[in-house]
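Next come two complexes built around chain A: one with chain B, the other with chain C.
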Partner chain A sequence: MTSAKDTFDRGLDRVLGPIERAFSPVANLFNRYLGPYFGKLNGLQFLLLAVSILALLTAELWAPLVSGTMFRTLALASIWAIFAMSWDIQSGYTGYISFGHSVLSGIAAYTTALLLVNVNPEMPFVVTAVLSVLASLVLGLLIALPTLRLEGPYFSLITFVGVLLFYRLTTAYDALGGIPGFSQPEVFTWDPVMRYYYMLVPMLLVALVLTFLARSNLGMILVAIRENESAVSAAGINPTKFKIWSFVLSSIPMGIGGVLLVGFYGNVDPATFILVDNSIEMIAMAVLGGMGSILGPLGGAFLFEFLNEELLGGQSRSVRYMILWVLVLLVLVFARRGLFRKIWHRLGEVGGDRR
Partner chain B sequence: MVNNGRTPRESASNARISGVGRRSFLKATGAGATGVALAGCLGGNGGDEGSSEGLKVGHIGPMTSPLGVGSLRSANMAANVVNEGDGVNGGEVEIVEGDTEASASQAQAVVEELIQQENVDMLVGVFASEVALSLVDLTADNDVPLLVTGSASPQVTRDHAGENYDKYKNIFRPGPINSDLQAEAMAGYAGYLKDLHDWDQVAFLRDNAAWTTSFEELIPGLLSERDIEIVYESALSIDSPDVGSVMDEISGTDADYILRFFAHIDGSSMLGTWHDGQYDFGIEGIHVTGMFPGYFEASQGAALYETTAQTGAAGVTDITEKTVPFVESYREQFGDAENPPNQAPMYMGFTTYDAINIVSEVANENEESPRGSIDNFVDSMLDVSHTGVAGTIEFYGEDSDYPHDLKETRNDQGDIVNYPVTQWQGDGSLECVYPEQYRTADHVMPEWMR
Partner chain C sequence: MVAGQLPELIVNGAMISAVYALIAIGFTMIFGVGGVLNLAHGALIMSGAYIFAVFSRNDMLGLHSALAFVLTLGVIAVLSLALYEVLVRWVEENPVITFLSTVIVAVIATEAVLTVFGSPTMGMSLVSRNSVNLAEYGISTRIRWVQILGFVVSWIAIGLLWYYITQTDDGRSILAASMSERGAVLTAVNLHAVRAKTWLIAGTLAGIAGIFLGAADGATPQMWLNPLALAFIIVVIGGIGSIKGSVVAAYLIGFLEQFTVTFIGHEFRGILSLILLLLFILYMPQGLYGREYVHD
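Coming up: the complex of A and B.
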């Protein structure tokens, strides 16, 4: 007996099959040289990836056709994609869900601001950026060392309390800027096109590195921790050590994203950088795209921002977020692996079991 | 950004503009050819330099607040008046709305859209100083005139055009007077209270925000010159002001009145506590929430005896011959509107109305859009002496401490008069109590203090 779904699946295979075959030679070339590092692709997956990257790089040609604010949306999406991927390499891979990741980008932003305000207003960007990312790493380790030894929900609760604590800290003391924050940092540029590329290039590099790491033995151990931590211990591998590594891998790009967000707004304040909503938004993006896949959260971030900034642009903030949260809920219930992961694997199934 | 101001912000969010919205653009691009045809006037860096006919005005303000609503309505009133006359350079004044949601990041998004997509000739509005400060660089880089009509921080002018005139000459403030000048005006008012009631001990409270920095710096000196003593001082967190304990502490002093500067903080709970407890001091100063025309009813009478300074004096007195007719016309048009304010716009409306009239005149005189030549625009603006609904409007020039800020007007004694003070009196009537030339009633102290 054939169901409607089977019929649809066969129809889809029939349509996509020839495209897959057309691109499989070039995909095979990719698989031979880069496959061991970044995973193997079939023709369709290769095509999707190539078209996506090409579209992002050539946004100058098409973004203005979509809307006058598309560059802004794409720039914001690039920054948030870094956050979502960073969250994913730690939480999505190990299963230790962090509800307080925004403190990591926040500390980078506050480091930049505090250096400019208290040390030297003319401090070069390279110096503030490096020190800020370092601050994220240090804070990441500070959170990871004591907490990741714990199992179960304690890690999540501690990160959650951490972000609440940090938020209050920034508003409790005038030296930390209070609600208005600091406006001393400068934006990179007001030119929307240049600004987009400033955000896009680091994002693509972060995606490349994280995909590589996720495909390495390290990534496999992180997934193994998520699936069965005792088995990992039994295999003679110390899971705590690798959980801490995942936090290191997460903190550095979180710091980079924080620095970029400062360059986007030219202002550092608790609501933009620390607020717990930001941490939840990162999770939402990862969920939409597909947790535990790096590129899924990247796609999720772009989808989330496009919906939020462009498609729902006419709605009030409350309505927009209400719709977005309903969408996240639907994905959690009906497509738990995430939209992009689902599409990715469906494409992978075309033309046999090559993946 | 190179300003020293501070910028409050919600997490990144989005532009919302009435009229030609983004969704219609998305639909248009979906339709294919239409999208391509539109592409020429979208995106890019800065786009065209405004339009040659008419005047397209981007109005920016918090549209969830009656302050923003009143200002937008006033902008439309000004547009109608100009359009019923000769229009601007053969075209009409068109108002495009941008909602800042009182957030700097939102304001940036909205203004980028207004400049790059809507291609406006000028921007008018902005309530929070933090928001204004976050827009100075963006508008300066695009050479779009920004007429600030709601924010008072002197940083907007002093720290920008005051330091780099060529870069920031696009920014004008037709009102209110900046908070350095407001501080002086309020000190003059404190002198009046001292003469009238012998009140010479003050509890000094303010929002902990950019616009009150001037009060922090100047009020102590200005009061001490008038032999008025500050017996209590506190800057309250705009996030979670601890009003109760402040009231208790003040009641332990000999303060004759609280001189408070609240724009972000809603002082209503303070008024309620004060009224119910019949505290032995008055409540004076600036309270933006209290400027809401229906505030007496909204506070169920707790606002009785409170005062606030406000540009335009809520239209209860003839500041110029245009003031009362303007407010009457507002009431006629919006008296039954669903959203407040119904009786009069709040102060931003007065200044926004004047701003659009002034720029329309200037554009007609120059026979070009304000963005046509920013230098011509600036030159003409500096020659302006406009009798508006909020008073006479002239701007400080390049060499002043506050380039392009509204000049204060002074009486024969040298007191600043274009920042009048109103008080809720009797059965809820709003009276102008200061300065003398606009006074409709003397200030009264709370009945329980008499």
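Coming up: the complex of A and C.
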């Protein structure tokens, strides 16, 4: 007896099969030259990837047709995609869940603001940006060195307590701007189209580098730590060293994202940067797309922001977030691997092993 | 000046620690029995405060405080059990998914509270708002009736729990399950029933803590965060899964925080606790009365 699902699956294969065959020559070309570094694709996966990148790059042509605020949504989604991917390379890959990643982007933002306020208001962007990312890296090391030596849930506990404490400090001290924060940093540009491209290009570069790293031996070791840490030790690899590496790899793009977010809002305050809800939002995006896959969280971030800003835009803030969190909970329970990963693997199954 | 502030420190420290102990015991019991770190524990505490407000406030249901207290505990216990039966039970074999789904439950609760009650602090009263002046005993502080009641109720709850867990067969099955699940099952303990009971007890304790926190300082949609962080710190210091450890560590942290607030400054509250937590994690990860984090 064939169930409705089988019939549907077979119908899908019949529709997608010819498309897969049409694009598999290009995909094979990609596989031959870039496959070893970025993973192998079939025709459909290649098509999806190419269309997505093309759509992002040519948003100028279609975004105004969707809605007037679409450029803003896409720009925000690009920044949050950086956060979600950065969280993923550390937490999603190693299974050591961080609840405090917003501190890493926050320190970059605060470094930018403090440099402009206290040192030199005319400091060029290049200098503040580099120093800010460096600050994220240093703080990342400071958090990672003592805590990642431990196994089990302690790391998550420390990051959770840490982010609450950091939030309290930034709101309590006037030297850190207090609750209103700093408004000295300039936005990159007021032109929404240019602003979008300023956010998009770094995001694509981060995605490229992180995908490359995740597909390398390093990424495999990180996954092995998640699956069985003692087996990693038994293979003669020091898990602590690689957990710390994953945190370092995560803090650098977090810093970049923090700098971009400053350029987006032109304001540095605890509620935009440090609040623990921000860390949970990154996690939610990664969960929606699929933890442990870099490109999944990227898709998750765009889906999350699209739902939040465009589809649910009319609702009040708390209703919007309640709907989004319920959606995330449903994905966590019923589709643990995430929506985009599911689609990706379904596409990969079309055409069987002919590759 | 320092000597003069000492009695004040002791009185206030004891009052706040009593509530901290309630917060931490439920959290540690759930971890001890099921191996689940319930990040929605803070959300249960917050729900306790808001539900008590709905029952007791005159502009809402306006019930008598004692009746509202009992009803609230019942509601929170059932909510806690529902959280286990509907969600945690199905994901508990994967710690990462459990972690994430319980934290998402907590933020759903926050948004629900924001939608229904809005963001301002919501006041409520449990007992008379008056306070006792201790000046005649040479202590220059006032102590509120709600604090005294919290202290007394906390110790009654701890006493009842101790009696239940060590003196009755029903309660000893919880202890057995937290020591060795396989051993408990072999001696005919119904593991699922034990877990359900643990969640009911943890929910009740969270409800009590929530009511006292709400009655002392009012309820806000963000009030789940600090109790959860405190529960983490206390449970790690006391030893994960140990009730005795939770009580001792709750008083340690309570006095430490009170000390910070009195002598160093309000904004440093929590920093000393975090440093203590780090020291414990690095040098004594099993805590004061705990065992190592192992699962078999």
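One rule holds in what follows: the second predicted complex is superposed on the first by the 352 of 355 C-alpha atoms of A that agree within 3 Å, B and C clash if a C-alpha of one lies under 4 Å from a C-alpha of the other, contacts with A are read in each partner's own complex, and residues count from 1 in each chain.
Keep this in mind: contacts are C-beta pairs under 8 Å (C-beta built on N, C-alpha and C of every residue); 3 or more make two chains touch, one makes a residue touch a chain.
This is a predicted model, so every value here is computed, not measured.
Chain B and chain C, once both complexes are superposed via chain A, fit side by side.
After the superposition on chain A, the angle chain B-chain A-chain C between C-alpha centres rounds to 70°, nearest 10.
With both structures placed on the common chain, the touch criterion links A:Ser316 to chain B and to chain C.
Applying the stated contact rule after C-alpha superposition, one finds that A:Phe160 touches chain C and leaves chain B untouched. Of the two partner chains placed around the shared chain by superposition, chain B and chain C are both touched by A:Asp277. Contacts of A:Asp6 after superposition on the shared chain: neither chain B nor chain C is touched. In the superposition on chain A, A:Glu227 makes contact with neither chain B nor chain C. Of the two partner chains placed by superposition, only chain B is touched by A:Phe182; chain C is not.
Of all Cα pairs spanning chain B and chain C in the superposition, the closest are 9 Å apart. Shared contact residues of chain A with chain B and chain C: 277, 316-317.
Residue ranges on chain A touching chain B, taken from their complex, read 63-72, 76, 171, 174, 177-187, 190-193, 265-267, 269, 271-272, 275, 277-278, 281, 308-317, 320. Against chain A, the residues of chain B that register as touching in their complex are 1-16, 21-23, 25-26, 29, 35-36, 39, 42-45, 101, 103-105, 108-109, 112-113, 116-118, 130, 133-134, 137-138, 141-142, 208-210, 237-239. Considering their complex, residues 37, 87, 90-91, 94-97, 99-101, 103-105, 107-108, 111-112, 114-115, 225-226, 228-229, 232-233, 236, 266-267, 269-271, 274, 277-278, 281-282, 285, 293 of chain C touch chain A. Of all residues in chain A, only 95, 97, 99, 146-147, 149-154, 156-158, 160-162, 164-165, 168-169, 172-173, 276-277, 280, 283-284, 287, 316-319, 321-322, 325-326, 328-329, 332-333, 336 touch chain C in the complex they form.
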